[in-house]
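Before we start, here is the structure in question, set down as structure tokens.
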Amino acid sequence: MASSSGTLPVANPSGAQLSTTKTTVEFRAALVAMSVVALIPLGVGNAYWLGVLIVSMYFAILAGAWNLLAGYTGQFSLAPATFAMIGAYTTGLLNYYFGIPPLLGIVAAVVVSGLIGLLLGRAVLRLVGPYLALTTLSFAEIMRLVASNSIDITRGDLGLGVAGLLNSRIGWYYLFLGALVGLLILFYLLLRSKAGLFLQAIRDDEVAARRAGVNVVFWKTAAFAISAAASGFAGALYAHFAELATPELGLIGQTGLIVSMTVIGGMGTLAGPLVAAFLVYVLSEWLRDIGGYQLVVFAALVVIFARFFREGLWGLAKAAVQRWRRA
Amino acid sequence: MAGSLRLDMLGVALTVAAALLPVAGARAADPIKVGVTITQSPPGSVVQGTQVKDGLEVATKIINDAGGVDGSKIELVIEDTQGLPEKARAAVEKLITRDKVVAITGEHQSSAALAGIEVAHRYKIPYINTNGWSDAIREKGYPEVFNPGNYNSRVGGAAAATMKELGVKRVLSFAENTDYGIGLAKAIGESLKKIAPDIQYKYVTLDRASKDFLPAILPLRANPPDAIINLMLPPAAYIMMNQVYEQGVAPSAKTWLYDGSGLADYPDFWQNVKEAGKGMLVFGLYHPKMAQPPLGKQVGDAYTAKTKNEPNRLLFQAADSLFLIADAVKRAKSTDAEAIIKALGETKYTGTRGEIIFSKEKGYAFNQWLDVPYVTFQLTEVNQKVGDAVLVSQPGQPLDKAKLWAPAK
Amino acid sequence: MSGIDVDLAVNGLITGLFYALMAIGLSLIFGILKIVNFAHGEFYMVGAYAYTLTALALGVPVWVALPLAFVAGALLGWVTERTLMRPLYAGYTSWGLMRDEYAVIVTFGLSLFLINLVDKLIGPYAYRGPPLVETSRVVLGPVLISGHRLLAAGIAIAVIAFTAALIKWSFWGQQIRAVSQNRLGASLAGIDTAKASAIVFMLSGGLAAFAGALLSPVINASPDVGIFPAIKSYIIVVLGGMGSVPGAIVASLALGVIESFGAVYLSYQYRDGFGLVLLMLFLLFRPQGLFGEKGREV
């Protein structure tokens, strides 16, 4: 009952274009969405709303990274926000105590988060479902407790002041957008390659995949490491944007938001989580002034989508397009 | 089909227009917008946030009823920080960039204030720190930040003086694990070292999110200190007090309980602690029997009429914050940020608690009103109103030991 | 043993009793459905609110409010099972083989939904539940304890014992254990597996809610009050072995005592971390816990 990832890309000896797979369709849709986002500053100059969109991009990266791990590889980690927090503190601490410039700090953050993700992924190799979720949840909580209680080092709940990187909001906008698109391309290439097939095979039936010769250990750990590194990258960028690193970044509520965005957008689709991240976050900021019921609605949507629409908004959009085509 | 297409386009046009409306902004009667960052939902202290909000609203009404500032009404724009530094930072950003406020005020939690002043400093917008006690806020030396409220070193000095006058030898502080609690604990330690070096002092940090402090309290039963100082805020403070009382540690014949956080002011104080509060000594920034300028009485009465509650110190600190902004705008004859900041620096204004002047000394005194008045009083009966509590020291005077009450056991 | 150790032990055991109330239900759910209910903390929260609000706002006497809280939790448990869990074993979701993942997502979402719903409908403020008795200090040998806590501990012991007996000897208890061991076999033997699942969820919800109610005078009712106890429950259920009620009880008491001593002798700040570290260690090296069936591994 493996859910298909579309037809296998057939290499054409004459180098002609490969057949369009589901992943490619999603990638193109995602690029279109990103182009729209790129054009928004031409119409909206207000620093506040640009800021909201920047934070949406932060979440879009985290949702995409979690999607890679959970949607494509089937490992439901409850620690995405934790890796963002680790990334933020890595660059923040290096900057605060050793004066390391932000660019180097961000690179360090990627490396450190990736390494920790690698170790964690290795440790939880044989756990599935609730066991994996619980282990990553404990890890997340322990890390947050450490960040929050090591007041002498991290200044705890007070937050760590972090140096800024750019001075203009527009600059940050395009930096984040660049990072988002860059990661999108990276994930696309990964998923379109053999690796993508392996990951999805692992998600659908790990035992069968191993029997078919897939190096399960390597790919599961790799997915964890890549996802963690990407999350750490987002966290580090955010730390320099907000000029603050706090344990709040690693709260379970943040993970809840990330999970919501991915589920609502459509797990295991490339475009779904990205678009949903924007929708969810912008709506949540906009609705907050009106009533503040947005979190209730989103959580309800998560339950409803999980129960009835596994493919999320993307799946609904696809179904609508197909019905329109047939009409 | 064409009809629905036109309808679609109309719909899109309307949506776009509606989306751009906030950008168009308000140009009409030009009220003076003052940004307020307070806690309106947990984990921060919602009770404090509400008291600050009430104080600001009372002050706004008083100013606007008198015609506003040179004809312009004050309008408060309120953002919820939840007591979290990251949210506070975002709130101040929002107020400055989206709402274009002339000044920011209202902050009542130090960690949130520390994050907020960074943003205010970046945009060079005046920031009136209503109740952030942390010395670190002042030590940054930002010219935009003004502090008419209480400060840690004030409490430190007061607590140390009280401990010395009580004649105790061993003192323990329970501090919450925030900059506020730890900063205060350290400030008390510094003051004690200076004026009473023979007093043994230590402090224990407790997690404000925790629900059980017995492990920290049980070891005290064998060898209780002479005084326990509370440096925590509700709800954790209530849990701690109840457990300290339940274990027979304080208030008791052997151990004084001294509150450095203004707990007695909270409307839900007695409902939560009952007997555990009887005998507590309180560092009070407000007591009904204190001498107050007429503006203070006016604000207090307006507050009681509006909320049916007795006034508390946050009310006055908040009201003063707003009055100072209005006064500065009036003197500067402009809502330009730089002009307001300059005018604030030259403040000589009698608010609800006394005449406010900002010191220019570097360090914890920078842009701080140094002579914040305080008293020490003791709660002697359960459900006792602050006004009925026994005033054991007046501003500037030492402790009147004859007035103290201690339980039999 | 010095005086303080007795204190620590007694307090640890009492805390453990309340943990047990929470954890038994979770353990049963795992036994019968092989899933972890991530919304378990919210059953606790619902119970705390039901007790506190009916007593404070409606003036209901505390001895009526207490069972009312149980009913509220049981009701929520039943609705959850009926709408969200049935598909798990009836096989009509689009999740195919990923049943565990479905359960994680759906209960996680439910948890978020309930927390935010309560936050919006009732408000984020904490409400202190009325204690069962007003005595604030009772002397019990060398130990001092509040009257309410003592009474609550006694009630907890009674309820736990009753539940354990129910599972072991009653008709439905046997049905539940049969379904936990082998669902297919049990249904072939004529047992109504759906009903067994429903009963387990109701019991689990009711017990957790009861715990929330009992503790509300100390741990005041607020929207996120359930997160803490839930994490403790996960720890206990893994330690004691998922599906084992005696295991859950023993692990609860053990955790309470470990945390109590650890907080004083090791580190006060990280006392909540001990359980988490234990959880991770067990999950990594001995997922079946101390008493349970072999954990699902690949």
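Assorted remarks:
Letters A, B and C name the chains as they come in the text, with residue numbers starting at 1 for each one.
To be clear about the criterion, a contact is a pair of C-beta atoms (placed from the backbone, for glycine too) under 8 Å apart; a residue touches a chain by one contact, two chains touch by 3 or more.
Bear in mind the structure is a predicted one, so any value in this text is a computation, not a measurement.
By number of C-beta pairs in contact, A-C leads when A-C and B-C are compared. Comparing the CA-atom centres of all chains against that of subunit C, the greatest distance is found for B.
If you average the Cα atoms of subunit B and of subunit C, the two centres end up 38 Å apart.
Here the spacing of subunit A and subunit C, counted between their Cα centres, is 32 Å.
Each of the following residues of subunit B touches two or more other chains: 177, 205, 207.
Annotation for subunit C: residues touching 2 or more other chains are 119, 269, 272. Each of residues 149 in subunit A touches at least two other chains. The residues of subunit A lying in touch with subunit B in their complex are 44-49, 51, 148-149, 151, 155-159, 161, 242-244, 246, 248-249.
Against subunit A, in their complex, subunit C makes its touches with residues 30, 35-36, 38, 83-84, 87, 93-106, 108-110, 112-113, 115-117, 119-120, 227, 231, 234-235, 238, 269-270, 272-273, 276-277, 279-280, 283-284, 287, 295-298. For subunit B in complex with subunit A, the touching residues are 22-23, 84-87, 89-90, 93-94, 97-98, 111, 114-115, 118, 177-179, 182, 205, 207. Taken together, the subunit C residues at the contact with subunit B in this complex read 2-4, 7-8, 11, 15, 119, 124-126, 128, 136-137, 144-146, 218-220, 222, 224, 228, 259-260, 263-264, 268-269, 271-272. Residue ranges of subunit B in contact with subunit C, taken from their complex: 41-42, 46, 177, 204-207, 210-212, 214-216, 218-219, 221-222, 235, 239, 242, 245-248, 268, 271-272, 274-276.
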